[in-house]
Every structure is written in structure tokens, then in C-alpha cells.
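In the part that follows, the structures are each spelled out as C-alpha cells.
In the two complexes that follow, chain A is the common piece, with chain B as its partner first and chain C second.
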Partner chain A sequence: MDSALVLIFLSALRVSLPLLFAATGGYFSEKSGVAQIALEAYLLIGAFSAATFTYYSKSLLVGYLAAAVLTALFSQIFSLLILKFKGNSIVIGTGLNLLAMGIIPIISKTIFNSTGSTPSIELAQPAPYFPYVVLVITLAVSYWLSEKTIWGLQMKFAGEKKLALQSVGISPAVRQWQSLTFSALVTGLGGAVLSTSLSSNYSPLMSSGRGFIALAALIFAGWNLARALLVCLFFGLCEALQIQMQSNEAISTYVAAEFIQMIPYVATLIALLILRSKYPPAELK
Partner chain B sequence: MISSLNSKKLAPWLGLIAGLVLCCLLALFFNESPWHVFKILTTSFYNSKFDLGLTLFYTTCLIFSGLAFAVPMKAGLFHIGSEGQILFSALIAAYLGTAIVPFDNSFSFVVSVAIILISSMAAGAASAILIAFFKILKQAHEVVVAIMLNFIFAAVTTWLTVNRLQSPTSQNPETALMNESFQFLKNDYLKTYFENSPVSVFLFAALGCCVLLHYVERRTFIGYKIRAYGANPHAATRLGFSQNEILMMSLGLAGVFSAGVGLTEVFGNAFQYKIGFSPQYGFLGIAVSLLAQQNFLGIIGSAFLMACLHKGASDLDLETERLTRDFSRVLQAIIIFSVAASYYIANLKRKK
Partner chain C sequence: MAYIEFRNITKSFGDCVACHDVSISIAKSEIHSIIGENGAGKSTLMKLLGGIDPVTSGDLFLNQKVYKPESAQDAFKNKIAFIHQHFVLAEQLSGLENILLSYSSSRFSLMTKNSSEVLTAANQILTRFNWKIDLNKLVSRLSVGEQQRLEILKALLQEPDIIIFDEPTAVLTPQESEELMQFILQLKKENKTIILISHKLNEIKSVSDSISVLRHGRLVQSKPAQELSIEQMAELMIGRQVVKSTALERPPQREAMLSVPNTSISLLKSEIFGVAGIEGNGQSLLISRLLQEMTKLNIKYGDITEDRIKLSVFEGMNLWEHMLLKHKNEFLSKGLIFELRLKKVTEDLVKSWDVRPPDIDKPLSEFSGGNQQKFVVGRELWNQPQVLLAAHPTRGVDLGAQEHIHKSLLEFSKHKKAVVLVSSDLNEVLYLSDRFVILNKNKIYGPFNRGELNEQQIGLIMAADNNEGIKLAGEL
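Moving on to the complex of A and B:
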């Protein structure tokens, strides 16, 4: 019994990895005052580029770097349209999600001649702990950036009171742009975990709403990163339970797979009902 | 002078043209000739009468889903949950179509058709009002709630179709055909004219809805309330308009229009519920509605335009080597982007 519990918790940690990355990414964007619903797109782009680059290089490190860099590049579309052309961030975010869903199959068709999954990855040497190392580094850097540096303070002021930032001669748009790019970079890493560690290839729409779940976690953690990560772990637990239940014959004969797969989404809705969102960044749009 | 007056209205259309050009240039990256892609996108809707009928069918669905997005947008809500509502209401209609057997007189036939239509619309409205509940009770962001509900409805409808309503005579995951008597749109004038393409009289219903909504918005108190709330929620609540009522009403209406898409498919085309029948009409509707700037009459034009492009994009599969039907999504995204950017450029011109 004990070992079963430990197993569930370990697998909860494992499946919540993409959520943790995405929530950290979302935190930087939302704190700087830009509503971020394109996390889903970043996860997909990160997952696809990591799968492709790891497939060709057989090295996880290259895959993760490619995911981070390409996702950060991809997010420049978002930054350009929001900060330069003053678009509505929800509209642009929806567009970005559509773009990611549409462009990946076409690129995949060009590279692998199939619109479905990419070929599965064979690593030179397996590295099961690599994603955890990346997570720890990312969280440490994020904490340091947002809490210990002037940049972090200015980034938060861009979300709380733009005028105050302008009055000391710093452009809020520049801080938002840097923050948005960092946000995409971190979320792209989450995508890399999704395709290279949680599975061994990219399959279409594999993020399956995780970007939105991470955003929901952030919202009902009251835009507090530490609490948001805890909520993500809880969602991870739900997903781990779902996986356990699907592989458990006694349960899966009584409860249909579709209902078990629904657990993370229903949990998100219930959490939204129980917890009230408070303290949003003042200039969040 | 004229251009300064109209620049704001023209902006999205210029954005559309810019977006189309961008898309065709994008084809260069995939070793396709932009002109070839452009020709397929813009001309394939009139290859045959059947193709035109198919485009008009898409137009019908897109008008409904565009309205489902536009009505809550008037109240300042970003409603992207119509995909789930479409699936749910379509399944309800298909199920009732198999479950209800009308007696042999025309009165009971009319009643049973009405029951199906109304319960499908009610299902759509109820699933949309769920979003309003979350918004009212917990100020939850409607986008997150809507996306979660989309996933849940997709799972529930799939389960119901496969495990409870699966057609015994079919290998595909779909429900049984509706009763013969409910398939009365199978051989109507429109279908025969367009060589049995999916178009049906629902096209006229959709056009009627647009005109009706245009009237309701401009000339009635309800329309005024929703517009006032969308423009300034604080002022509207100060005037004594109930926020809850406006949220419920606009989302409820949106749910009814989402059901319109489901009914167009189930009553006008397939006469059954097929898993995966919708190429994400709910999301296509966003682009349609933004292109028309939520103008209800403009939606007719933009829906037809998007339908032509969607038809063209699905032909890319056959006509080009690397571009697939997913290009339709790229097209939508780029159109959304360029329309959003065009407002800024139009405003810039006005200031000068």
C-alpha cells in the first residue's frame, strides 16, 4: 500500500512537470500585466521543436535548448501585436493557439512527411533526471529574477502601475516584452518535457489543455507563484490518479476511459468554484 | 475625407487582404507557389454546384458560430466555449431524433420536431449559461471555464456516442440515423439544386437570425442594455441594469446559436451525430465575428468569405504536396492578427 502511494506521488510529480513550467511562464506574463492564454501554443511549439531536434541530435540538451529558443522566437509575434499594435491579448492569444495548431502539422509534413506524430526518439544515453534538473534551475532563476532583482520589481510595476514606472524613466513596454519572452522560453521548456520525457515523440495536440490548466492554477493561487506551483502539483495528482485508474482493471471496467480522462478538467472547474480569484495585477489586460 | 470617415470600418477588410497575402507568401517556405495557393483558396468554392452548396453549408454554420461569439462580445465577454455547446446540442438533437416516434398525423409531427429543436437549443443555452454561473459566482475568467467545458463536453459526447448510442449497423463512431420522417430536408429544393450538397434551409434561418439580431440590437431595450453593459459595465450597473441578467442572457443566446450549428449538421446534413463532424466551427466563428467587427449584418459577408477560404484550405490537401487542411487554422490565425493590427494602423492614420 505504501509503495503504491509513493508511486502515485512520484508519477504525480512527473506528470505535473509541464504544468509547473507553464505556470512559471504564465506568472511572468500575467505579473507584467499581459493576460496570457497562449501558453497552450507555447507548449505545443516547445514540444514539437524538442521532439524534432532531439530526434536528429539524439541529445536532450539540444532538444531543450531548441524548444526554449524557438518558443521565445515564436512569442515575438505575440509581443509585437500586443505591445506595438496594441491588440487585445485574449484575441491575439486565441489566434496564436490556432496558429500553433495549424502550422505544426504542415511543418511536420514537410520534415517527416506525416501530419501525425513525429518518429519516436532514441537517446544516446537515457537521462531520466534531466527534466528535474532543468526544473530546479528554472525555478531558481525565476525566483531570483522576480524577487531579488530590480528587473523583477520593475516587471511587476509594469503590471501594477505603469505610470510609476514611466516616471522613473523606464518603458513599461520594454519590461513587458522581456517578461513575455522569458515567459515563452520557460513554457517552451515545459513543452520539451512533454514530448521528450513524458512520451517519446510529438503527437498532435498533445498539450491537451495543460496551458489553460496552468493558467487556471495561477488565477486561483491569486497570482502567487509558490501557491500556483502547489496547485499545479494537485492537478498533477489528479492526472496521475487518472493514469493509475486507467491501468487498473477493476476500476476501468466500471468507469469509462472518457470519464477518467475528464478528471483534470473537472478538478479545474471545481477548484474555480471553491477558490475565489483575488489580487489580480492592477493593469492586467 | 471619405477614407478618414470609413477607415475604421474598412480596416478589418484591409487586414483580411493583408492576411491573405501573408498566408500565400508563407507558402513559399513550403516550396509551393503563392499564386497557386491563392488561386485554390479563392476559386475552389465555385468548382461545381456541389462545391458551392458545400460552401453555403459552411457559411450557415459560420454565421451561427459567428453570432455565438458576437453576442457575448457585445457584453464584453470573450466566449470561446461554443465548440462544446455545438457538440452537446447536436448530440441531443440526434438522440431525440432516434428516440421520438411521431404518430401518423401532421400535428404530432410538428410537435415532435418542435420538441427536438427546442430541447437542442435549450441544451446549448444551458451549457453556455454554465459559463455565466462561474462568472457570476466566482468572477472566474470565462476563457478558462469555457475551455475546460469544451474538453468535458467533447469527452461526454464521445462516451455517449460510443457506449450508449452507437449505430449498430455502422463501423464508424456515430449514432443511428434519425427517424425517416425527420429526414424531411433530404430531398428539398435547395439540396436538389446544389446536387445533394449539405446545404439546407437552415441557411435562411441563419440569415434571418442576423437580420433579427440587427434589429434587436439597434431598436430594442434589451439590445441597448447589452451594448451599454459592454461599453461600460460600471455605468450600466449604476443605471440599474442587472449584471447577472445581462451575462445570462447574452451567453444563453450564444448557446442557442451554437445549437444552430449542431442542428444545421444534424437536421440539414448528416441526420445523425458523427464524432468529429465539426472542423472546430466554434473557433472559426471567432475570426468571422472579429472580421465583421461584431456587426450582425457584416457577419453574413464575413462568414461567406471565411467559408470560401475554409473550403479552399481543405482542397489544399489534394492540390498541393505539403500544405494540408490545417492551413485553414493558419489562415484564421493570420487573419485574426492582421485584423487586430489593422485597427491600430487605422487609428494612427486618423490622428494624423
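Moving on to the complex of A and C:
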């Protein structure tokens, strides 16, 4: 195979990494019956936590762990408002997205005396394969949780038929809370990839809509995780092509960069239109 | 001695008192039936026992002890199984997964599913009752009868002592209902206490040990079954005698109103034209042919749709909005709604059809099935159409409403109007129709005149693989 093609595929996989995490996170939330539009916030929190902790510890592992734990903690606001106080998940999700955008500069100002980007990370040892290892582990654990365990079954019942779950003595809210927390944890890892592997620091709003793309992929894939991941990979491929095209002088002289940057979004939109959405979890709201 | 006791139970939802001072006692291992019209408070009462709703005042006793369930979980722990009228199954999951859920506990556990053990246990029960369900299929792919068996199977695997059946036969075919009743008797032999809610008096009479009758939220009678006749039960339920309307004398010569293309069927003025057959044998096709023809000829028609929930009752819309939906030309002018007139007309309709509660601002979906149907029938007849398509007009409807609907169909057909009555209830077709056809695998047999065939003969034509020699009116 042409080495240029191989390069494009490798970079496609690389840029779709955060999406794959976010889609997996979104899956656990939506399947348990809670509409999840706060993925964007989780990516940002994850990205910022990972950048900060990696900067100080010089260890990717510490950065990823911090991203997972802090995002999961952050998501407790979401769970509390929705499960305990019965808020509307769309409204609260939007609120959380805004909160993440606001709270990160405040913390950043305290730590780095800057509301913009965090300082560049220097690793003790470069570890280019680390995010892939984390991805494989995450996907394996997610598959096992959702398809093999009793917990996974109960989680799906919270999304499909609450009454059935209640009538065997299980509180749907508890399963939803657990699932929402796991959802945030996984999405936080996606954020970590964003700031520590795809770039070398946190910069404001660096998630640039990836949370929403992952959610759209999930919805249009009919809440089927494998299909959603494929859509995410497709988006990654378009993104990689787009980067290639921008660096190609023959094209970039004639086509404005903004148009080239549109390609992945337009292509994903078309792909999503072809996939028809069906069978949402019955209790999803 | 009472095993389950309701003592002075009152349950109200806001201002609406659903159950008023009800006291019932139920002995161990008996089949106790609770009958009453839709909205009489039967289901409400059972939901109290099942822990789904809390009691407003009064006490429940279980085995002489005060029983105060706070949730469905409490009922579950007390070995009470509730088989709901609307199945509590996750449609996008498989039958096996739905069963597996009952085996799990509320403790957080990452144990993998014990699918094979549960499958064995489930199959044991299935073979014991000679049932066949593919447990690996998604629930949405199972037939209604199969879904109900799955629901029962789920309950039985937990070895409950008390089983509540809420209108279990509402959606079943006559054969399936018969099988279910046999099954309930079998459960009784295994020492289970069974509470059966229904308004099908024949089946109640045949299996029950004792019967409680509710009317408008009050207990009117609680007696051993042998002391009550079916007529008495009906009378207690609706509070007056049931008058069966008799078929009408028809003029000998009647004009044809329209004919169905490619068949020899024509619809006459002043008649009820019955369509018998097991569901799914071409009923929908026949109805759509008729609709096409009527639209072409510009005949005004009313349409009582076959699936009330899907096609006639829309979530979140109240009565007058439903009225507007059907008769929009009557109440709209230049894009504005004549709201006062619309509400007035709806109120009159609700009054004359005795829809309860008479609240035209309440969403139609929150009414009981019988009241929904009364409203729908009333609405379809409101602007005096020439033809009424009535598909399963009395399905899921109680006796009083059934009587009312039957009477109005007969009344309607008097005045040079035609009714097409599609029903899977053979008695209904035989009792109301002047002429009828039988559908079997999209073939139309007939038409037959009233009294030409008896029930057995019709049943044979409905179910046979091959109906050679029987007059054929066409194929759909």
C-alpha cells in the first residue's frame, strides 16, 4: 500500500480517538435512559485535568487517571440534579457545558496564572501507544459491562422499562447514577487523549464539538455502540483527509481553508442522514 | 380465615376518589375475581396491593399481619406477583434477558449473567405447561399471547404465593383465553392464591371461587361465585339491567351504496355488514379498499380504527382537540378555531355518551379504554356520516359501554346508513350483522345472510387451510 494512504489511516485513527471514548461514554448514559449532551463538558474537564496533572507529574498514567477521576466527580453535579432533583437532562446538560467552559479558566488562572492554554507538557518518556492501550482496555471493559454482566442488563432496563426494574426491587436511579458516572469517566479519558496525545497542552474549547459529534453518531447508529464507533472512525478519516488537503499546496491555493475544514462535518452529516435512527431506549428522556 | 384483607380502603388521586371504603377478604389458595366496569377502581385497588400506589386511608393485611408496601419491591418481597394488563417487558431486549432480570438483586454486582441456568429453569416451566416461546427473540418480535406467557413465566420463576392478573384476556384470542383459564385453575391446584381482574363474565364465572363487584369505586357485593349468576353480576356491575338490543327488521329491498372493486361485495343502505375472521387475514386491506372507494365516490364516512391506541388516541391531546382533529372543517374558519362552539359540542358529546369523567380538558389517553372508545365512536358518528367503518368497536371495552356502542350501531344503521363491522369476536358479528363475510388468508368468503351459518361452521371457514366449495366473493 501507498505509504501516504497508510499515514492517512493512522492519523484517522489518531484523531478519532477522543470521539471513540466520548461515544462509549455517551452509550452508557443514553442506554440507561438519560439523554447526555454534557459529553462536551466531560471532554473539556478531562482534557484540562490530564494536561495539568501530566504537566506536574510528567507521567501520562497520572494524567489519565486524574482525567477519569475528576470528570467522574464533576459528573456528580449532573447526576444529582437529574436523578435526585428530577431536572431536565437537556437543560442541565447545557448548563454543565457552560459551567465547564467557565470553571476551567478560573482554575487555570489560580494554578498557571493564565486563563488561556496550559503550559506544554514534557514527558519523562514519550509513550505514543499509550492512548491505544487505554482505548482497547476501555472498549473491552465496556463490552463486558454492557453485554455480559447483570449490572449491564439492569442498566439497560433502567433505559427500557423502569417499572420492570422496580418490580424486582432495584432502584433505576441507582443504576442510572452508576452508569452516568462510568459514562463521565470514559469520556474524561477521551479528554485526556485530546490534551496529552493529540496536542501537548490544554487550550480553551479544544473539544470543538466532538462531544456532540459522538452523541450524534450514537443516536444515528440506533444506540448501537459498534455502529457508533464506526461513524466516529469515519469522521476521523475525513478529518485526516482534511488535514492532508490543507497541507497540500495545489489545493490550498485555490480552496479557502475554512471550506476544507468543513469537510469532516459535512461528510459526517451526510453519513448520519443515510443511517436511519431507530429504537431509542424507551425511557430515554 | 382471610389471607389477604382490604380493610376500609380509600384511595384518591387529588379530588378524584378512585376507591371508596372498600373492604374485601380473600382466602388462601382461592381464585378471587374482582369485576367492575372500566374506571370502577379494580386496577387501582390492585395497584395498592402491588405496592405501586400508596393507600390514602384504610389498612391492608397479609396473613393477619399489617402490610404496608411502599414500593413494588415490597410486594415482590412478600411474594406477590403482579401481571399487568400492559406488559412490563423491555421490548428491545430478548425474552431471556427479561427473565434474567428477575434473578438479579439490588446489590451492586459485576457477576456475569447466569443465562444457561435460567434458561433451563424457564424451559422446565415452558414444557410443564406445554408452551412454546423462543426466548432468544426480542420481545417486540413476539406475539401478544407470547408476551403474556413470558410475563407469566417471569412471575412463576420467582415462585410467588399470590398472583394478580389484571385483565389478562383483554388482548388474547378466545382460544388463548381458554388456555389461560385452564392454566389459572392449574395454579390454584398448586396452592397459589389468585386475584383475577376482568370484565369478561363468562370466564370469571367458570373459574372463580369468589367474586367481588365494584361500581364507581365502591364495593357493591362480595360473594362465593356459585351464588351469583352471570346476569346478576352484570346487573351489579352497571347498576341496572342489561338490555340486549334485538336485531332490526329490515326493508326487503335495499339499494346498494357502493361496491368493493374486484369483489362481488356491495354495501347496502340500512344494514350492518359483518366481517368475521381471525385478525391479520386481510381485515386491514379490506378496510383500506373501502376507504379508497369511499374517498373516490365522495361518501362521508366515520372510521372507528382497529388500533385505538395507535390511530385514534393521541398522547397529550385532550377531548376537544381530538374532536377538532376529526371535524376540523366544522370548527375552523380562516385558520381560527371556534373554540366555544367546539367545547360546547364536545361537552354535549361527552354527556350523551356518558364518558367518564366528563372533563373535556383531560387528555384522552388518560381515560380508561371503555371511555376512550365511547368518545371515539361518538365523535365518528357526530356529523352523521353515511357509512361507519367499525373495526373491533368493543375491544377492551366494558359491558355497559359495549351495550351502548352496539345500540348506537343498530340505531345508526336504521336510517339508510351502512355499518361495516370488522370484529374478531364471532358473537358480536353474528349478533349484529344483517349479512357477513368471512376472511381467511386474504380471501373473502360469502356474503352470508343472518342465520345462514352457525358459529361452528363459521369457525371452520375462519381457520381452514382450504375452503373449496364455499362461495368466494373475491380476493384481496
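Quick note on the criterion: the second predicted complex is superposed on the first by the 283 of 285 C-alpha atoms of A that agree within 3 Å, B and C clash if a C-alpha of one lies under 4 Å from a C-alpha of the other, contacts with A are read in each partner's own complex, and residues count from 1 in each chain.
Keep in mind that, in the parts below, a contact is a pair of C-beta atoms (placed from the backbone, for glycine too) under 8 Å apart; a residue touches a chain by one contact, two chains touch by 3 or more.
Only a predicted model underlies this, so the values are computations on that prediction, with no experimental measurement involved.
A.B. asks: Identify the partner contact of A:21: answer first if only chain B is touched, second if only chain C is, both if each is, neither if none is.
C.D. replies: In the superposition, A:21 touches no partner, neither chain B nor chain C.
A.B. asks: With both structures superposed, pick whichever of chain B and chain C touches the larger number of chain A residues.
C.D. replies: The larger set of chain A residues in touch belongs to B.
A.B. asks: Figure out whether A:202 sits in contact with chain B (first) or chain C (second), or with both, or with neither.
C.D. replies: neither
A.B. asks: In the overlay, answer first, second, both or neither for which of chain B and chain C A:64 touches.
C.D. replies: Neither partner.
A.B. asks: Going by the contact rule at the top, pick out the chain B residues touching chain A in the complex.
C.D. replies: 30-31, 78, 80, 134, 137-141, 143-145, 147-149, 151-152, 155-156, 158-159, 163, 283, 286, 290, 322-324, 326-334, 336-337, 340-341, 343-345
A.B. asks: Within their complex, state which residues of chain C touch chain A.
C.D. replies: Checking each residue of chain C against chain A gives 71-73, 75-77, 82, 84, 88-93, 97-98, 100-106, 108-113.
A.B. asks: Residue numbers of chain A touching chain C in their complex, please.
C.D. replies: 145, 148-151, 153-154, 156-157, 160-161, 163-171, 174, 178, 279, 281-282
A.B. asks: Along chain A, where are the residues that touch chain B in the complex?
C.D. replies: Chain A reaches chain B through residues 37, 77, 81, 84-88, 90-92, 94-96, 98-99, 101-106, 109-110, 115, 208-209, 212-213, 215-216, 219, 256, 258-259, 261-262, 265-266, 268-269, 272-273, 275-277.
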